[in-house]
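Before anything else, here is the set of structures, which you'll find just below.
Shared chain: chain A. Partners: chain B in the first complex, chain C in the second.
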Partner chain A sequence: MFETALSFNDIIFLLKGAGVTLLVTFWAMAGGTLMGVVFGTIRATAPRWVGWPLAFVLDIFRSVPLLIQLILANAFQAIAGLQMSAFVVSCVVLALYTSSYCSEIVRGGIDAVPVTTRRAARSLGMTWGQDMREIVFPLALRVMLPSWIGLTLGVMKDTALITWLGIIELLRSSQIIVTRIQEPLFVLSIAGLIYFLMSFPISRLGRHLEKKWQDL
Partner chain B sequence: MIEIEHVHKSFGSLKVLDDVSLTVNTGEVLSIIGGSGSGKSTLLMCINGLEPIQGGRILIDGTEVHAKGTDLNALRRNIGIVFQQWNAFPHLTVLENVTLALRKVLKKSRSEAEDIAVKQLKHVGLGDKLTTYPGKLSGGQQQRMAIARALAMSPRYMLFDEVTSALDPQLVGEVLDTMRLLAEEGMTMIVVTHEMQFAREVSDRVAFFNQGKMEEIGPPEQIFDAPHSDNTKKFLANVR
Partner chain C sequence: MFNYTFHWRPALNALPQMLEGAVVTLQIAVLSMIIGIAIGVVLAVMQGSRFRVFRGIASAWVEVARNTPALFQIYMAYFGLGQLGIHLDSFVALLAGITFNNAGYLAETFRGGLRAVPRTQVRAARSLGFGAFDAFRLIVMPQMFRAVFHPMTNQMVWAILMTSLGVIVGLNTDLTGVTQELNVRTFRTFEYFAIAAVLYYIIAKIVTLGARGIAWRLFKY
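Showing the complex of A and B:
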């Protein structure tokens, strides 16, 4: 018979860690998507002297390893006396990191809308804003969705790095239990299963929407 | 009346319209013919202010299109345009394609907009496609939908940019018939086309463009049967 020292309390502990992972992922995606839409729209529509410096800054967020960004940001906010909690720092850094990827996705989505379709909208007397709202974003959304879902799943896994700021998320909580009960394979399998259960609905939703939009 | 006076237009160093002047009177159908890259599409784009110009001016009923204070969105409501392709808003049904601008631009109520849209869609023979998405329409049906969508705004002018050249041959006729109907109803139209037979039948005047210049303009009989310019002759010899 299979026996384990994993207690009910340990499961609760793991689920709490999963809750932290979900919460950080949520804020990172919410903030990152919001900023990504703004940055991506600027990059796709503004003149080059605006878009280029922005692209440069976003490139920094994309190319410096997330771990370095987290540790530096945490150190700088302490030096600056901002008194942000590690949780807030994590959310902010992850949101900026996410926004740099998201802005590329948004820019690609906007660029994929045929110029003529946009001209058709403007030629009917629609304003730039109406064109963006009614035509460009809805069409771009269909192009962006698969990459955005991929980004979400990636960010969820990247949140494991915030443990370096002392936050106990899912991966860290499973490590703590492993250290105590010495059953790494079993505990990590459970942690993996929880990651999967959190990701699965998101990718399913993505596939559902893709299918729904496909035959338009 | 559309008055085009000494218009110059360049993309960077590429000169696309070179001192183009012409007038389209109310009720007139003007066809524009000419080789690829001669600036025909660009001219249409300049007429409703989708493209800036570098010299000259364009007046629509006396309003200068490229003047600073001109409300382009208001001006464009009077000028319908249909392109060669990519006209449809693919995420909206045929009915929604037509009602969108009626509601957002002309601020009509949903039911009012739908009444107008249904009437226009029936007019172009799409009365049974209201809830269909454009992706499920044939190319010819998509073009007719685009025409209905433009007409729903009650424009005073219609611009057509090679609206049949991306279509399978058997679909060309239905779209040309719709345009012919429109011409008979007295719509003022500028039609960029490669359909010489159509241009001859429907137009009051035909203009031939060559490398950014308007080479020749006149009644269809002149352009097609006795062109004054050698370039017109050469062009027509090649397309026939």
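Showing the complex of A and C:
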């Protein structure tokens, strides 16, 4: 019969780690989406001399490993004497990282709205703001939401890297239990299962929405 | 505010070492892509198979690869397999983890690419006397790769970025590993990792531009 030293308390410990993972994901997505909408709108509507430098900066976040970004940000806040906790650093870095991907999604969404539709809105007397709110936003949302869900899941998985800064999230908590009970395969499998359960239903929902909205 | 003096000279002096690390990083990324593409094609074909067992194995691989962190997959290869008596060193474990991840994501990409090739083409090829395998190899595959070339480039860049995780399982020969070795010796974290970041950026850009050049050569007709 299968025997394990894993206790009920360890499961609670893992679930607490999962809670930290979700919390960091939440802050990263909240900050990242907010910035992403602003950056994406600028990129889709502002003149090139504003859009291109912004695109260049945002591209850096996608071309440098997240782990390096975390280490750099953490070192920088220590140098600058900002006295930020590792948790705050992680959230800020992940939010910036998210905003870079989110801005691409937002830009794609806005670009997907036909120019003629927007001209029609303007010629009906809508202001730029009304056009954005009443016409572009609802239409772009259909294009953006499936990718945004995908981004959320991607960020949730990327939060595993904040373990390097010493934050006890899901993967780190599984490592801590492994060092005690020495059953890496079993404990890691449980951690993987928790990740899977957090991610799989939402990824299914995203795929479903994508299919459903494709033929609208 | 800045009670700190930046020392760039030692970091710049370490550049040759870091470039050697960059070569290892590229090696891992390229290897993981080649094996990943091979497995990815097989998985994509398996997902369209008549046999439930094949479909099951393929979807299980794809879903696990896509719904768990890459770091978890590397941990599985490094710590998890050790319990089964399979002891991989950190290089092989990192390679295995990234390859597993690549194969899962690429399988999904290839599945979309396969759908872009009309079924009638296979039938036309078969009626011209191609065997099933030849029809796939000579007719379907080239068109599929054309359709998925851009997503494949993205995956290559991700593979490069993922190699940085090797340091967490103790790899000290790739770019991040070398940088970390230098860092623990000198504690000039910011300087060394800033240079590493620049190197990663340059590598990523070279790969993207190179891929664009290859695509232009291959697909210009």
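Brief remarks on what is shown
Rule of thumb we're sticking to: the second predicted complex is superposed on the first by the 201 of 216 C-alpha atoms of A that agree within 3 Å, B and C clash if a C-alpha of one lies under 4 Å from a C-alpha of the other, contacts with A are read in each partner's own complex, and residues count from 1 in each chain.
Quick note on the criterion: a contact is a pair of C-beta atoms (placed from the backbone, for glycine too) under 8 Å apart; a residue touches a chain by one contact, two chains touch by 3 or more.
Just so you know, these numbers come straight off a predicted model, no measurement behind them.
Once the two complexes are overlaid on the shared chain, A:Ile71 sits against chain C while remaining clear of chain B. Note on chain A: of its two partners chain C and chain B, the one contacting more of its residues is C. By the document's definition of touching, neither partner reaches A:Trp52: not chain B, not chain C.
In the superposed model, A:Ala191 lies in contact with chain C only, and not with chain B.
Residues 60, 63-69, 71-72, 74-76, 79-81, 153, 157-161, 163-164, 171, 175, 178, 183-186, 188-189, 191-192, 195-196, 199-200, 203 of chain A touch chain C in their complex.
Interface residues of chain A facing chain B in the complex, by the touch rule stated above, are 114-117, 119-127, 130, 134-135, 138-139, 142, 213, 215-216. Interface residues of chain B facing chain A in the complex, by the touch rule stated above, are 45, 48, 50, 73-74, 76-77, 79-81, 83-91, 100-101, 104-106, 133, 135, 146, 149-150, 153. Chain C makes touch with chain A in their complex at residues 1-4, 63-64, 66-72, 75-76, 79-84, 157, 161-165, 167-168, 176, 189-190, 193-194, 196-197, 200-201, 204-205.
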